[in-house]
Amino acid sequence: MTVDLVIKHVKVYTEGGLLAAGIAVQAGKIVAIASDDCLPEGISSIDGQGRYLLPGGIDPHVHFRDPGKTERETFLTGTMAAAAGGVTTVCEHPISSPPPYSAELIRNRIKVAAEQAVVDFAFFGAAGADKLEHIPQVAQEGIVAFKTFFHEPPEGREEEFAGLTMANDAAIYAGFQAVAKTGKILAIHAENNDIIAARIKELRAAGKLKGRDHALSRPPVSEIESVGKILLLARECGTKVQLCHISTPQAAELVKQAKADGVKAYLETCPHYLFLTDDKLEELGPFAKCNPPLRSRELSDALWRYIDDGTVDMIGSDHGPFLPEEKEIGFRDIFAAPAGFPGIDLRLPLLLDAVHKGRLSLDRMVELISTAPAKLYGLYPQKGAIRIGSDADLVLVDLAADFIVDRRQSYSKSRDTGRVYDGWKLKGRPVMTLVRGRVVMEEGRVDEQAARWGRLVTPRNG
Amino acid sequence: MTVDLVIKHVKVYTEGGLLAAGIAVQAGKIVAIASDDCLPEGISSIDGQGRYLLPGGIDPHVHFRDPGKTERETFLTGTMAAAAGGVTTVCEHPISSPPPYSAELIRNRIKVAAEQAVVDFAFFGAAGADKLEHIPQVAQEGIVAFKTFFHEPPEGREEEFAGLTMANDAAIYAGFQAVAKTGKILAIHAENNDIIAARIKELRAAGKLKGRDHALSRPPVSEIESVGKILLLARECGTKVQLCHISTPQAAELVKQAKADGVKAYLETCPHYLFLTDDKLEELGPFAKCNPPLRSRELSDALWRYIDDGTVDMIGSDHGPFLPEEKEIGFRDIFAAPAGFPGIDLRLPLLLDAVHKGRLSLDRMVELISTAPAKLYGLYPQKGAIRIGSDADLVLVDLAADFIVDRRQSYSKSRDTGRVYDGWKLKGRPVMTLVRGRVVMEEGRVDEQAARWGRLVTPRNG
Amino acid sequence: MTVDLVIKHVKVYTEGGLLAAGIAVQAGKIVAIASDDCLPEGISSIDGQGRYLLPGGIDPHVHFRDPGKTERETFLTGTMAAAAGGVTTVCEHPISSPPPYSAELIRNRIKVAAEQAVVDFAFFGAAGADKLEHIPQVAQEGIVAFKTFFHEPPEGREEEFAGLTMANDAAIYAGFQAVAKTGKILAIHAENNDIIAARIKELRAAGKLKGRDHALSRPPVSEIESVGKILLLARECGTKVQLCHISTPQAAELVKQAKADGVKAYLETCPHYLFLTDDKLEELGPFAKCNPPLRSRELSDALWRYIDDGTVDMIGSDHGPFLPEEKEIGFRDIFAAPAGFPGIDLRLPLLLDAVHKGRLSLDRMVELISTAPAKLYGLYPQKGAIRIGSDADLVLVDLAADFIVDRRQSYSKSRDTGRVYDGWKLKGRPVMTLVRGRVVMEEGRVDEQAARWGRLVTPRNG
Amino acid sequence: MTVDLVIKHVKVYTEGGLLAAGIAVQAGKIVAIASDDCLPEGISSIDGQGRYLLPGGIDPHVHFRDPGKTERETFLTGTMAAAAGGVTTVCEHPISSPPPYSAELIRNRIKVAAEQAVVDFAFFGAAGADKLEHIPQVAQEGIVAFKTFFHEPPEGREEEFAGLTMANDAAIYAGFQAVAKTGKILAIHAENNDIIAARIKELRAAGKLKGRDHALSRPPVSEIESVGKILLLARECGTKVQLCHISTPQAAELVKQAKADGVKAYLETCPHYLFLTDDKLEELGPFAKCNPPLRSRELSDALWRYIDDGTVDMIGSDHGPFLPEEKEIGFRDIFAAPAGFPGIDLRLPLLLDAVHKGRLSLDRMVELISTAPAKLYGLYPQKGAIRIGSDADLVLVDLAADFIVDRRQSYSKSRDTGRVYDGWKLKGRPVMTLVRGRVVMEEGRVDEQAARWGRLVTPRNG
């Protein structure tokens, strides 16, 4: 039989390890893994030149803000950046206006995405205490998980946060129970807003408005307390929880213990908590502002231990696009600047460099950025693995390529706010990305014609 | 030498165990423990008839509400009930109007108490986030610990709760830090107000206003969540914490684990969580209403395990006097009735009966109601032990005496609301109470002339 | 390209899970896994009829006793039984005369095996305290592990046990250190011989010589004590240890704890400790005698927990062939009969039946009987997996086939002593076995022409 | 009433803490603890000059070797040394010829002791696998515990070790079961004899016969392995075990874990494992030889952690008297010299010095050398406490006294082999020792007239 595509002469990553072999793709699916000379004929053929062929990345945490803030990013620019970074499925979190707290809103968002996306996409539903009645229905709309925040909608932004927050413990308790019934994971931005608000007030009163003051305004305890509460309520309510963007080893330790006690808790961290420290806040001010904030070298180093011991389940980019002018406000008042920066295209290169330096294994890396999120969100084995029958979502990586991070080359609309890694010299990069068998990126260039190629991905059981 | 008093022919409880011996008292202090024939001569002499002589009880948790609500209880009636129940030191918690959040307020309360008390007394200071600046000074006023609540002052009762609450996590965090600096224990009413308020609203909306609905309105999670947060912040801030009136084994388990991790956490429970269940709420409605509520038989039984394994540090009465008419409102609407009931005079008899039934040892009982609170509050060895040099605060108990609880015989002004144990047949009761060598109770009758005999007790280091 | 063999229409077991696919085999290796229509052409072709294609079994514990006792079993009959039972690699343990304690002896044994074997084979080296100087050299001879016993050679059988035992703690300590230096696993028959010898003496003296007395003579403590010592010395000496044929949950618990503490300890159990109880000793006397003995239902049930929680690493058959007349001696005196019975051909059917009954998953089964021993002994990925480049050692199983165990159909020379499962009705059996691409068993019939097809397998790094 | 003796102006150690008080003694018992002016009149009176009055020491591990080897020590000289060191009860271990394995032998030893002893004494019974039938009867003879060794009687010394050893695992298992039935503690010399014998052989063969070679001949593993086995069998058999003279933190850790699992295991160590290191073996050769050997500084320091955390139950002297000429043999061949040295009179001064240096508290010291052994052996509260009704076994200590250890001043017959601490400058020493109210030592001088004052002490329940 002749197939659509064969990829030869690669080291194929499978769950049993790496194979010197090739693969065949037909109708977007992997149909053969075989030694090169046993592959079927392909209409097209790619010579991998001995490079590594990995399952495409799944980014469990991105914010494209489309619709709503398309001047910052669109589904097109965001997914082009994804493709550039070897990401073949993005999971969009529900900050947008309004948040996707109803079936209708979810469907609208899907429509917007489908008209632009280069890579596949999935959605988080919004779970707000004010819209509890929507939760069962939203759970049926193909979302991979729910997301919530533990604070009141900021004044004047009520619409933007409608159906997205659980503002007090009663709301949280009710919300956890409601999500538990759906069997879905509930992802939470785990910071204690009361403590932070009081800190900011103190710092403002003291005239402390510089970059590093941002870190002081959100001390480790604000994350630790929040994680402690989430784990306790997850246990009481039987809710599966994703602790988003964890930045402290103390919080990771709490998650580790809760897991050992049978709580269904999943820990996500981000590259910036592993590779950066709060020195960046001094250097770059608002351009290094994210929530939770960058931590000290000591905490950052200690967080790696939870990569090593298996406590961390996944690494998300928390890709957060903003305009430079929005960020620059923070030079006068760090608290006035928005938190977050782009990063979807650097997750894989940063981790490949860490693999090169021996900080983690290639296996563990693939688990953290592809296989584990696929399994947690019910997308496996359609996504997250190179197996017969899986989608041919693939990334070919050159482990030996040296390159220098240059924000200008990013496909993100917010490329100019992507400064924290700018100028870093890294070893290892993706050289080709395929989504369901179609090459969408080659040698760093994303095929704009692939817009609308991306499709909605839904969990197996939902 | 001739001493003021000798007590002969008793089994003296010492920390090493029971001794067949007697004691001598001079100027209110124990000056000798000796075999009867080696005791010095006494101006007075008591023949103990072979009964057990224990250290006088210390009640770590009472509410006399004087000044403020003297129609419910006064320091005179409250301490007379204490004396009747073998309690020689009471620790008054700061619900009163206004709460003792300043040095001046503390001094006023001491004055009121000193003019009436039959037994010795100590005070908790109020620790409120709105009066943080007072905390260092209040700590110097001879208080044994601080007390706080985690909710906003109820509407219209702002004055009553001034300086007594930490209404949100920022306030709690600031308050924990402030108390930590004083080295004092911070006692907390550990219930999550948000969860409870929402539950009550739901129950009210559903027309559920009966006794048992009170228990439903404050499910175990409301205590567990609160204890979880307290322990986490105690660890972060280095605050010593007293978990008041713990009613669930799940919360006790959290405390046990935190202790093992080095958190300075002290667990108090009350007789009603050990001897009563939520069936009483059905039987007695508002007269069985207390916060946290009575629990199921299963939870109550499981709580005993933490008595056995040493996790529980002390048993307080949480003596809460109210008028019958205040309580009776609750027959129509359980949520409208005040929570609490008297019990200072029954703590010892209930526990003696449990000793008789083999549920705990006499040693463990003395530790829970006398030695441990004395040590935790810095009163030891002045209080809490029969040792040379200690105050002659003593209670002679008859382990074999059968009696029937009859609320009419209580000295509490609120005796008519003391119904939960009414009619119970118990074995074991105090037959004589001495405070600093003076007999204040004999055969159930308290000497009213002993009013003003009670004195303020202050911690060794404070 | 045309390949030697394709197998189509099967559910292929891979480490990522089951695939509806087929495989291609060339020169004895797997060269493709692909959907049926993407497979290359094959000179031969097998239609799997939708059945499960698993990696061939690896039996980590067999005794063929050839050379030495060929009347009981030969390498030919033993490996034919293996092929019948879906086993494609057998690991021969060193009881034979003399044991393989030197390079020369190992080579002789390899030669004997190579002239007969139908399936692949590997050897354990003998590690005896009296031949410590041979250990480094034997480690270089391609063995998969060492084996030892903790007792003196039985009187009169010195030659048979030469170089095979560590008879006292000094010998054990020295032996563990010597094996640790080779990096090889040391497998140990974990029973305390002193305790057992004393028990047998007592039982004999009391005239207790029946089947169940065998179990009494080797109480759980004799295994637990031995395992305790092994684990402690493994930790001290850094030796990797295989706890052979563990029969008690208490010993498994010790192994679990040691693993958690970082000891390199591997637990093997056998089907008979999972599926049989000491009632069989009463029923069948010497025909149910094995060492350690069959245990009570309670222990057997509890042992399953360590299958479930991952503590058990592998299941070996401990295939022990004897002649009926040797066994029958035991009807008069159970202690006089040899211990052990054949079983290499029933390991897989018994476990398939357990999979059918829901006692373990198919995945866990494959791990226990194939992947895990391959990995532990350094044979992976040549053996133990269906991957591109691995040996085409395969077993096709029919999960729905009902059959009745009939010892007469066994290929083992000792078939007449295989009585413990005789007559059992099982569901699930192997229907085809391939060794390096050659079909050696089909529908229960082993191809005798395949003698000499079996080859020595050696670890990757040895 | 007039009593025999009053001791005034002291700090009395009671279980609740230290009291500024005095005590009264009548007929050998404590009859009063009282402030000085409330004490009864005494026929004699002692002014303690403000010093500390502690419960007399209990030495749980001494070897006086009388009868048998009276040239080394007699019960007279041994107990005079005890009195000098503040020890009021000695527990004699059964190395003597023959060991006290029968009721008759026990009685003979009691008779010998009673004719000489200055302080009270208790006996360990011998528990040998060859005399199991005697164990129940010996348990009735007032012994405090059993003792055993895990090796064959040395060749030619069979009589000396009759009834004292459990030479293999069967013997140990039988012996543990036999002792378990008596409810008595079984004390064990925890060293693996096999490992040691092999090591000595190797060292001898290599011509290594110096002091430090003794330590090499008994590596930590020889203790650790033995303790591991003991704890495992203690659990299996329900035997209470005393791990004698533990010298390694690894063994202590095993005991700690076993205790947490409910094993009745009691850990004894000796001053020399806390205050000395193997450097002494280099310095003093055979005079620093003891079994187990002195360890490295690292192990010794780590052992203190188990003093701190409560794992160590008691500190015994393992007083081992020998003649200098016996010891001197060891200068040529360290293995030829006997193991042990005297020390009963230095246990208290060494520990008082450690209290002075802040390494442990006075409370913990009294627990380790008096209260804990009294409780474990069933002698409490007759011994081990200053309480009304207890024996007036007392030691007055001067915490401020500086003195230099001078072996010539020892009362031990073996004083010339007491070299390990010779010349040390210590702070803190006993200045008066009383046994049942009689002063037997004052200012370092023991009253020889007190010979025969010592009496047998037997456990409460035995």
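A, B, C and D label the chains in the order they appear, each numbered from 1.
Going forward, a contact is a pair of C-beta atoms (placed from the backbone, for glycine too) under 8 Å apart; a residue touches a chain by one contact, two chains touch by 3 or more.
What you see is a predicted model, and the numbers here were worked out from it, not measured in a lab.
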{"item": "Cα-centroid distance, chain A relative to chain C, in whole angstrom", "value": "46"}
{"item": "Inter-chain centre distance, chain B versus chain C - centres from mean C-alpha coordinates, in Å", "value": "66"}
{"item": "Sequence positions of chain A contacting 2 or more other chains", "value": "none"}
{"item": "Category of the chain touch graph - line, ring, star, complete, other", "value": "ring"}
{"item": "All chain pairs that touch each other", "value": "A-B, A-C, B-D, C-D"}
{"item": "In the complex, chain A residues that touch chain B", "value": "168-171, 173-174, 192-199, 221, 224-225, 228-229, 232-233, 236"}
{"item": "Parts of chain A lying in touch with chain C, wherever the complex brings them together", "value": "1, 3, 12, 14-17, 19-21, 24, 26, 31-35, 37-40, 381, 385, 387-389"}
